[in-house]
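Right after this note come the structures.
What follows is a pair of complexes built around chain A, which joins chain B in one and chain C in the other.
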Partner chain A sequence: MSALITITVLALILLYLGLFKASKALLPVALIGLVVALVLSLMEWGANAEPIFSRMMLYDHFAVAFSGITIFSTILILALSKDYFERISSNVAEYYALILFSLAGIILMVSYHNLSMLFIGIEIMSICMYILAGIKKKDFASNEAALKYFLMGAFSTGILLFGITLIYGASGSFDLEMIKQYILNDPAGVSPLLYTGITLLIIALAFKVGAAPFHFWAPDVYEGSPSLITAYMSTVVKTAGFAAFLRLIMFSFAPIQDFWVPIIITLAVLSLLIGNVTAVYQQHFKRMLAYSSISHVGYMLFSLLALNGSSDNAVFVYAAAYSVASIIAFGVLILMQKQVGNDSFDSFNGLAKKNPFLALTLTIAMLSLAGIPLTAGFIGKFMMFSRALASYHVVLVVFAVLNAIVGIFYYFRVIVAMYFKQEDRKELSVPVFFKFVLGLSALVTIVLGVYPDFIAGLI
Partner chain B sequence: MEILLLIFLPLAGALISFLFGGSQQVKTVAFIWSLLSLVLTAYLLSGFDTASSIPQFVIDQPWLSYFGVRFKAGIDGISMILVLLTNVLMPLIILSSFKHAYSRPGAFYGLILLMQSALLLVFTALDAFLFYVGWEAALIPIYFICALWGGENRIKVNMKFFIYTFAGSLIMLIGILYLYLQTPDRSYDVQSFYQLALSSSEQSWIFWAFFIAFAVKMPVFPFHTWQPDTYTEAPTTGTMLLSGIMLKMGIYGVIRWLIPVAPLGFAQWGQLALILSIIGVVYAALIAFTQKDIKRLVAYSSISHVGLIAAGIFVWNTNGLQGAMIQMVNHGINVFGMFFVLDIIIRRMKTRDSFELGGIAKVAPQFAVAFLIILLGTVALPLTNGFIGEFLLLMGIYQHSIWAAAIAGLTIIFGAVYMLRMYQRIMLGTTNAQTSTFSEIDGTEKLVLGIVCALVILIGVYPNPILDISEATVKSLVELVDGKLHGVSTTF
Partner chain C sequence: METITQSIQGVPLNHYILLSSIIFTIGTIGVLIRRNAIIILMSVELMLNAVNLLLAAFSVYRGDASGQVFVFFIMALAAAEVAIGLAILTMIYRNTNSTDINILNRLKW
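Coming up: the complex of A and B.
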């Protein structure tokens, strides 16, 4: 739990640093603090975790692993933020603090043991994100993104709360263990209230992770928000949303699989189809990433189809692979937007000649997102497919494979533009921090692709 | 350990080439590096026991133990033939590129060596996951080679190529995963796959899942539509890699991973696959007749010849398979020689239209002789390598069905017609303003063509050493499948 405390205190320290105009110290302090939090969180890796704080939270392996990956991703994203917020306004300290507060919410989301904690975690995270989406005060798109995100988010929170209430009404408890016991006591006589509650919970969480058909907010919000925030939303926030989803379903609702599996299948199929097909028609890199992220939610939902203990591993690997690859993509996107002022596919033309390093890392990221072997993305997809096949959803896997083929079209557009289309262009200058983050992420992508053993069976 | 060296030696060369390959000197380094692989292959061959059908030099290490994947690779007779082909052709392919000054040579030769590594992995893998990884890993370098150094239409054409092959291999991945989930000990080992006793309908699905992937790669009619465009647009080196070595991945896959794993599926659908292959033989030959573009003509002739090899496999008897094994080597050598000859012509004459050429034999007699020898090998004249292969293949097909053999045999006649017509147009007749300037072959060109011609005749006269390598393994595979089919007919 020390990670949660560290992060919260860190956010407060950053606010004070802002108060005393120590803006140079903000980034280093934030990064060092997060590394400390990461180490502290990993140190809690151990056997027999017990629920703590009056059974409110459970810091088990699942929680440690997902806190680890979210904190790690946040570190990488913040490392890209040098001089980023300064260009937006002078309230830099608040932005860092908001990101860290949202991270604190995320830690709650991955380690809750009580539905009220889930709700609080989601709210802490969401409210920070509403503000962060709109930090470009004078920018129309950013305002639109913040408002849309807020309205949709508020709705889904309402639905979430409604679902939790109904589950409480049926089972008499917020505690995951008690709810599970209630279901196990008499699986046939479970109250209809509970079923309604589960449906509402799934809908609310589908909103949060941007699964179709509850995805309509996602493309506009992703596009309108500042790219760094989009990177954060589509990696850390999405991973956390998924972890929350998984924890609930795996832990409490596994005995009544027959009820919710059809719902999940519908969500997965729609997400894959809508995300992939619309991504093909995008002309801008950022919007393409937004739609493709919907399709990745579809793949991740596959892991829920066969619950026998390794769903969490599958989601973890997929989320890790997807996060590092997305961070590369957004990193290059930020440079491109800043120095070219445009992120259409054409603006990538000829990049390989001037910036071979950027082109190489982005290619690795795209190959990983497309699921080519020897990259982390392949291992992720491979685990998802084997999960679904293990429970004999063969048709579904064939459908997913067809979608993976569609994915080639849009991921390769960037590669084609960078390597095969010639254009005279200026070299992009790449700051040291970017080089470090992109290089590290590319390395992680390859290492996870070649030897994923050390995280594949982790949880 | 030798296997590890075999697979990773080219990879090391690729890294060196990527990192330090700034100047054109890197081609010499790449050539020497590929010779190292050849030496290693010769060493392996010297220690290879041809009487045994069991994989030799096996390495078996845990790799992704969480998924039950092992790094298991070894060489049996079938693998040996393809390893040999790869490592003999690679130095020749690199040598044949010396006259080109490709931009970014470090990346170019790096990708070639990377591909060699992936190909060797495919041909030696004894673990389905490993096989799949090699299969996909071979696709990425060739995609970049073709799309970076190719012709005008390269982006569109290569996207089609990539999507076709990637789609095929993903479907194969589902098949592999399904088989894995059926194995009692949860392993991807080829032997575990061979021992599975799946129902007939399951095996039908498995058959198609694998067949499509392999059929795209070979390519078998009607999965061939990517091939002529890709061959034509690719840089010559890329075409040689694709036709000389890469398409053998598909043929090898059928022999190793398709028929022995799903014999009942093969029993049901093998006949259809045979018919498709034979249609491909005739269809591609007919199209080859009408081609003015010499590169396209050879591309179609390749579909036709590969169709015959595929037919020889789908009849699944010792003669057909042995014919397929040796013909893979021959086809690799011949098609490489053919594309090199065309490259020499195209580089000098700047045209691919056979009607704009003529009379080259007068100005370049040595070139004309070399071209003729390679061409005769391709059309399977007795005492050339092609004859042995096609003879065995047709004999195997004849044992299965006389009609199939009769139609497939047309390939020899058709092939002779369109190939000789092409030779006539390019080499014979009167010279025109352009062809009279054709300069005789020199240096590396002479060396490469000399080696190829020597191989064509040598294998044609004395093919036994190659046939011996694969014989034991082929026989044991035929027995394995027959046993499984026979076993079923008595039980049910």
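Coming up: the complex of A and C.
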């Protein structure tokens, strides 16, 4: 819990640093603070977890693991932010503070034990993200992204609240444990209000994580937002949304699995199909990543099909692999947009000749996202498929493997452009921070791919 | 306080559920078919207020205060959300002189 307090206080400190014009100190202070928060959060590992704050939150292994991966991803993304926000406007301190406030919301989302905390966590995170999506005030795409994100977010919040209300009406409590007790007391005689409530909750959370058919806002928002914010949205925010989803379903609704499994299967199949097929037709790297993130949601939904002890583990490994690989991809994208001014696939032509290090890390990231063995992405996909097979969804797994093959096609377009297409180009200059983040992420991807035991048995 | 509770309970619970569902549906339809961003914002408020009404009704019927506390949370966060939403709208109005969301279709695949 000290992690949550640290992050909130850190955001306030950053605001004061901005007030006193200490803009040089912003990034170091933010990074040091986040490392402290990461350590503090990992220190709660293994402690006997009891619901705290009047049963509002539960900082169990699940919460520690997911706050660990979200804080770690935020550190990597903030390390990429050197000199990034300065080019947008001079209010840099506010941007850092908003990212940290949204991270505080995310910590709430992964550790709630009461539906009111879920709502507050989602809102704290979303409200910060609405602003961050629109920080390029003069840029039309950024404006549009902010408005779309805001309208869709507010709409899905309404649906979420109606779902929570109906569940409250049926079970008489917002507490996850009490809701579960209510269902277990009489599984056959559960009030129809509860079923409606679960459906609405699933729809609202599908909106938040961007699962098809509720994904239509995601590509536009991801494309229009500043690339660094897109990196944050598609890694940290997505992981948190999924953790919230999983926690809700695992804690409370596992006893009435027969009701919601068909809904999840529909969401997963549509996400895989729409995400992969549309990604093939994209000409721009950033938009391709947006669609591929929809298809990754489809894979992650598999973990819900067979709920037992290792579902959270599977999601954790997948989210870690996906976040780290996406951070590499977005890091290269930021450099590309800054120095070439274009992110179409053609602009990657011949990158391997001039920037072998960039090309190598991006190749590792693409292989990991496509799920090639010896990368972390493969382990993630493997665990997801074994979750689905554990509940005998064989047809679904075959479908997902076919989709993974489609995925390989569009991820490899980047690799082919970098290594096999020749073009005279200038060498991109890679700042030290970028070298560090890209190298570390590539290393993590490979290490997790070769020794998955590091984190696979963790939760 | 007793009389308020009694008069709320004078109406059957199903009527509250029905009324809230109707208001919520009107809000949802408003979000989906209206093209003016401010009216969409109002429709979202309608959805949230339907939720508030239903929460208060459930809370009275169960004699449990937590539902009413939740209503306060919703009000506070809805206010924060609207503040951000109107700021975003102002920003867009400055650039386009319009609050119609149809002009916001430049990002397409």
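One rule holds for everything that comes next: the second predicted complex is superposed on the first by the 458 of 459 C-alpha atoms of A that agree within 3 Å, B and C clash if a C-alpha of one lies under 4 Å from a C-alpha of the other, contacts with A are read in each partner's own complex, and residues count from 1 in each chain.
Here is the rule we use: a residue touches a chain if its C-beta (ideal position, glycine included) is under 8 Å from a C-beta of that chain, and two chains touch if they have at least 3 such contacts.
This is a predicted model, so every value here is computed, not measured.
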Chain B and chain C placed together on chain A: clash or fit? fit
Q.
Contact-wise, after the overlay, does A:431 reach chain B, chain C, both or neither (first, second, both, neither)?
A. neither
**Message:** Quick check on the superposed pair: does A:145 touch chain B, chain C, both, or neither? Answer first, second, both or neither.
**Reply:** second
Taking the superposition on A as described, I'd like to know which of chain B and chain C A:187 touches: first, second, both or neither. neither
Which partner chains sit in contact with A:372 here, chain B, chain C, both or neither? Use first/second/both/neither. first
The answer to whether chain B or chain C touches more of chain A is C
Look at A:46 in the shared chain and tell me whether it touches chain B only, chain C only, both, or neither; answer first, second, both or neither.
-> neither
Tell me the contact category for A:394 with respect to chain B and chain C: first, second, both or neither. first
Touch check for A:213: first (chain B), second (chain C), both, or neither?
neither
Distance floor for C-alpha atoms, chain B against chain C, superposed on A, in Å, equals 25
The residues of chain C that touch chain A in their complex are 17, 20, 24, 27-28, 31, 37, 40-41, 44, 47-48, 50-51, 54-55, 58, 62, 64, 66-67, 69-70, 73-74, 77, 80-81, 84-85, 87-89, 91-92, 95-96, 101, 104, 106-109
Residue positions on chain A within touch of chain C in the complex are 116, 119-120, 123, 126-127, 130-131, 134, 137-138, 140-141, 143-148, 150-151, 154-155, 157-159, 161-162, 164-166, 168-169, 172-174, 193, 219-220, 223-224, 278, 281-282, 287
Given the complex, residues on chain A that touch chain B span 367, 372-374, 378, 382-383, 385-386, 389-390, 394, 397-398, 401, 404-405, 408-409, 412, 416, 419-421, 451-453, 456-457
Listed in rising order, chain B residues that touch chain A in their complex are 63-67, 132-133, 136-137, 140, 144, 147-148, 154-155, 159, 162-163, 166-167, 170-171, 173-174, 177-178, 180-181
